[in-house]
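The same subunit A turns up in both complexes below, where it pairs with subunit B and then with subunit C.
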Partner chain A sequence: MKTLFTVFYRRNLALAKLAIITNLQYRFNFIIDAFIQPILTVGVEVLLWLAIFKTADASGLIGGFGKDSYLAYAVWAPFLGRIAISWMYETMMVEEIASGSINTILTRPLSFFEYYLSQTLGYKIITTVFSVTVPIAVSLYFNLPVLYERLPMAFLIVVYYLLLVHTMSFLVSTLGFFLTRIRAFTLLKNLSLLLLGGELVPIDLMPPPLAELLLSLPFSAGVYIPLAYITGRGGWDLMSRGFINTSYGLLIAGILSYLLWKRGVREYTGTGA
Partner chain B sequence: MGCVMGCLMNRLKNNLIVLFTKIKKYLGLYQAFFKASLVADLEYRLNFVVLVVGEFIWYSTQLILFEVLYRHTKIIGDWNLDQMRVFIFLVLFVDSIYMILWDPSLAAFTDNVRKGTLDLLLTKPINSLFMLSSQRISVSHVPCFFITFVGLIWALNQLPQFDWFKLVWLLFLIPAGLSVIFCGRFALNATSIIFTRADFLQYIWYSVFRLGLRPDAIYSGFLRVILIFVVPFAMVASIPARILLEPTQLWMIAWALVLPFILFYLLKKYWAFCLKHYSSASS
Partner chain C sequence: MQHAIQTENLGRTYKTYTKQEGLLNSLKGFYNRKYTEKVALKNASFKAESGKIVGLIGANGAGKTTLLKMLSGLIYPTTGTARVLGYEPSKRENEYLKQISILLGQKNQLWWDISPRDSYALLTKIYDLNETASKNRVMDLAHLLQCEQVLDTQLRRLSLGERMKMEIIGALLHSPKVLFLDEPTIGLDIVAQTSIRTFLEKYVKEQQPAIILTSHYMNDIAQLADQLLLISKGEIVYDGNVDHFMQTTDLKKKLIYRLKNSAEEKEIVFNSQELNQVLSDLSKTGNVVDLKVEDVDFEDVIHRFLQAESGPR
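And now, the complex of A and B:
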C-alpha cells in the first residue's frame, strides 16, 4: 500500500514539475502571465471603484461597505479569478481527445484525469507563488482591510475549487468522444464561471434573490467566498457553505465525468495520431 | 494648357481605375473568406450554437456589471445609468464588428509564427496585413452585432431630447475606434515575430483592451490624456459616446479623422521592422 502511494506521489510530482519547467521555459511569457496581466487588470478595476466612490453618497458606503473594502476586493478578485479558472490545460485536454493523441496517455500506467490535474496544479502553484506578491504588496502599501491570517484558509478553498474546475474541464473534454468540435464549450464554461463566481462584482451587491441563488451554487467558492472571507465581508459560516457547495458540485461533476468517460472510451476508436 | 489638363485627367482616371480594380479584388477575396468561414463554422452546428451563447454571456457580463453598480450609485464618472447604457452598447457594438472582421485571424497569428505557417501567408500576392487579418471571419458574432445595434438605438431612445442627427458622426468615429483596436492588436501580434513564443501577448491584449471597455471619465489627469492621445483606447467608445451624449467638441472629431492615418502609418513601419527580424520556423 505504501509503495503504491509512493509511486503515485512520485509520478504526480514529476508531472507537476514538468508543468513548472514548461511554463518557466519561456520567461517573457511567464512574466506577462504572472505579473503584467494581473497588474493591468487590477489597475483598471481599482480605477473603476475609485470613480464610483467619487460620486457615492455622503455615507461613503455602498452596500454597507466602504471604499477600502471594495479596493481590496478589486485588488484580489482578478488574482483569485485567474487561479480558479482553466483555459490552457482544458484546451490541451480537448485537443488530445479530438486529435487522437490521447492514445499515448491511455497506454501509460496513469489516468488522463491525473495526468492533467498534476500539471494544472504545478502550473497554478508556480504562477500563484510569484503573482501573489502583487495583491499582497498593493494591500500592504494602501493599508487595505485584508485579514492576512485568513489567507491560508482562503487558498485552501480555492485549491479545493480548482479540483471542481478540473473535473469540469475533464467533463468538457470527454464530450470530445461524442462530438467532433467542442472548443466552444470551454468558452461557455469559463465565461459562465466568470459571471457566477463574483469576479466582476461582489455577489452581495446583486439583488437579494439572485445573490442567494449564486451563493447556493458551488461557483461562488472560486472568487467571492474566499474574497469575502479575507476582506471581512463574511465569516466561517460563509466559508463552510463554500466547502459544502463545492463538495456537492464535485460529486455531480465527478459522477457525470465518470459516466461519460467510461462510455466515451468504450466507443472511442484510436486514430493512431 | 488643355493638353496638360487632359494628361492630368487621364492619369487621374487611370489611377482611379487601378484603385477600383484593387478594391474589387479585395472585396472578392473578402467574399470568398466569408463564405469559407461560414461553411467552416456551420459544419459543427452544436459548437456554433454554444459559441453564440458564450458570446452573449460575455456581452451580458459587461451590461450586468454596470446595471448592478447603478443599483448603489446614481453617477459613475460623468454619466448616469441611461448615458452609461449608450456607452456600453456602443463599446459592445464596436467590439462585435472587430470580432467579426479580424479577431479569429489575429488570434491565430502567434500560432502561425510558431508553426511556420506564416511563410505561406506572407508569400501570397496580396497585402500581408490584409491576408493575416482577414482570412477568417467570426460568423458567431453576427447575432451580437445586430443585438448590440438594437440595444444602442434603444439606449439612445431612453435619453430625453437626443439629437438623432448626431448618429452621422458615428460613420467617422466607429472606423476610428476600429482602427485603434486593429492596429493595437496587430502591432502586439507582430511583436511575437521577435520573441518567437509569445502566446501571452494575447492575454496582455485582453487586459489592455479592458481600458477601452470602461468610460474614460474613470481615468483622471495624465492617464486620461494618455488614453486619448497615446494609447487611444478612449476612441473605441468613450469619445464617440461623449459626442453623442454631450455638446459636440470639434477637436474630438478632428482627432477621430486624423487618428486612423497616423495609426496605419505607424503600423506599416512597425510591421516592416518586425518582418526584418522574421526567421521562418517551418522546415
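And now, the complex of A and C:
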C-alpha cells in the first residue's frame, strides 16, 4: 500500500523533473544560465580582487588572508550565491498570484509552497551539476586553496539555506494577495541577501561588530559560511552556527508566511479568471 | 436526496480601489485611498444533481465566474454557505479537490512549456492516479476528441482549438465528480465548438458528473443544459430548465421585414396574440416589400435578456 510519504515523494519528484524538462526545452537560455553567467560573474569578481591586491601592503595579506584565498572566495562566491538565491522562481510565484494563474494550483490537491519548492530544487540541481564545473576547473587550474573534501557539507548547508530562501520567496509572494505589484520587494530582498550573505564582501573583512551581527543572522549560511568552510577560513563551529541560524530563520519565516498565506487566500479574488 | 451542489444565500463582495483621472489624483491616492465595495453575488441559492449540466447565463459582470470560483474553492464567500459533494469548497481539502475540476476557457491549466502528454504524466502524480489507467484514459479521451496527433507537441505550439481539447483531457483525467466549465468553447470555430459539445453530451451520459457550464454561445447551453440558471446583477433570477424558460417568456414570435429601397432587414419581437396589432403598425411605417414571421429561439430570448440586464447597475 502506498504511504502518504510515497505519494508526496513521487509528486515532488515529478515537479522537480518538470523544472528540469522545462529548462532543458530552451537550450540557449539554459547554456547562458548554467555556463556563461557564472563564468562572467567569476571573471568580474576575480578581476576585482586582483585589482585590490595590487594595492595590498608588503605582507600581501588583507584581513589575514592572501591573494589565493581571496581568489578562491571570488571563484566560489558567485557559484554558491547562485544556488542560494531564487530570482527566477520567486518572480514566477509573484506573477502567479498577481495574474491569477495560481488558480490552477489552488484547485488541485497540491500546495503552492510545495509546487515551487520542488521546482526550485529541480532547477538548482540541473544548473548546479553543469555550473559547478566552472569553479572546480578554475580552482584546480590555479591551484587555489580549496578543501574539496568539505564540499559535500558546504552543499548541504546551501541546500538547507535554500529552504529558508524559498520560504522567504513564498512570504514575498503572499504579499501579492494584498498588494497589486510587489516586484520591488523581490529586488529589495535579493539585494539584501547579496549583502548580508557575504557574497559581495567577505564578512570577516567587515568591522567586527557588524561582522558579528551578520554571523548571528541566518543569511550568512548561504554564501559566507560554506565558503569560509571550504577555503579553510572557518571550521565546524562556524558551520554548526550556520545550521542553527538557518533553523531559527526558517521558523520565523515559516510562521510569518503561514499567517500571511492564511489571510491572503481569504482576501484573494481569483484575478483574471 | 443528496445534491452534488447545494448553495444557500451565497454571496461575495469585492473591495476595489477607485481613483479619479489625472496625476494630482494619483498623488492624493498615494496617501488617501478610496475604496468602494461591489456586490458581485448575493443570496445565490440553488441545487444541482449529478449527471446533469447546469447552464449558467448572465451578462458580463453578472456574477457567473464569481459563483464558479466560490464553488471550486478559489475564493471565500462573504455570506452564505456552499456544499459540493458534501464538502465546504473554501476549505480546499485534498479529498475535495481530487473530485472536482475547473476549466477556465481563457486560462491555461496545463503547462505551457511542455507537451500535453508530459502534463498528463505530472497530473497523474499530483492526483495519485494509476499510471497505466491514466495513460489509457488519455488515449480514450484523445480518441473521443480526435486529437491524438498533438499529444506530444509543446502546448504553446498548438492552435486554440487543439489547446482547448488538451485542457479538457487534463480536466477530466482524474474523473471528477463535479466539473466547472467557464467558457470552454470561447474563441473556437464552429467545428471545434460542435465537437466539444458532442463530447460533453456523451461524457455526461456515460460518467454522470455534475457540470456547471457558462458560455456566451447560447447553442452550448441550449444543446447541453438540463438546468438553466440566469444571473442578473449578482442575483439568480431564474432557476429551471430551458423549455420551461421558453414557455414562460413573453416573447414568442419574431417578425422580420424589409422596407422598399432598403437592404437592411429589421425585426420586431412580440407575443403571438399581438400579431394583428404589429402588422397594422408596420403597414403604417412605409412600404414593406418583404416579411416573414418566425418563432423566437432560445438565443434570441437570452440575447434580449442580456441586453436588458447589461445596463448600468
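What we mean here is this: the second predicted complex is superposed on the first by the 269 of 273 C-alpha atoms of A that agree within 3 Å, B and C clash if a C-alpha of one lies under 4 Å from a C-alpha of the other, contacts with A are read in each partner's own complex, and residues count from 1 in each chain.
Here is the rule we go by: a contact is a pair of C-beta atoms (placed from the backbone, for glycine too) under 8 Å apart; a residue touches a chain by one contact, two chains touch by 3 or more.
Just so you know, these numbers come straight off a predicted model, no measurement behind them.
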item: Combined model on subunit A where subunit B meets subunit C, clash or fit; value: fit
item: Touched partner set for A:L18, first subunit B, second subunit C, both or neither; value: second
item: Partner with the higher number of touched subunit A residues, subunit C or subunit B; value: B
item: Which superposed partner A:M206 touches (first subunit B, second subunit C, both, neither); value: first
item: Which of subunit B and subunit C A:N143 touches, first, second, both or neither; value: neither
item: First (subunit B), second (subunit C), both or neither touched by A:T41; value: first
item: Partner chain(s) touched by A:Y268 [first = subunit B, second = subunit C, both, neither]; value: second
item: First (subunit B), second (subunit C), both or neither touched by A:L50; value: first
item: Touched partner set for A:T3, first subunit B, second subunit C, both or neither; value: neither
item: Subunit B versus subunit C as contact partner of A:T104, first or second or both or neither; value: second
item: Minimum Cα separation, subunit C to subunit B, after superposition on A (Å); value: 6
item: Touching both subunit C and subunit B, counted on subunit A across the two superposed complexes; value: 26
item: Subunit A-touching residues of subunit C, taken from the complex the two chains share; value: 14, 65, 69, 72-76, 92, 94, 97-98, 100-102, 104, 106-109, 111, 113-114, 118, 121-122, 125-128, 154, 182
item: Residue ranges of subunit A touching subunit B (in the complex, touch as defined); value: 26, 28-30, 32-33, 36-37, 40-41, 44, 47-48, 50-52, 55-57, 62-63, 179-185, 187-188, 191-192, 194-195, 200-201, 205-207
item: In the complex with subunit A, residue positions of subunit B that touch it; value: 44, 46-48, 50-51, 53-54, 57-58, 60-61, 64-65, 68-69, 71-77, 140, 195, 197-201, 203-204, 207-208, 210-211, 214, 217-219, 223
item: Sites on subunit A touched by subunit C in the complex; value: 2, 7, 10-11, 13-15, 18, 21-22, 25-26, 100-101, 103-104, 106-110, 265-266, 268-270, 272-273
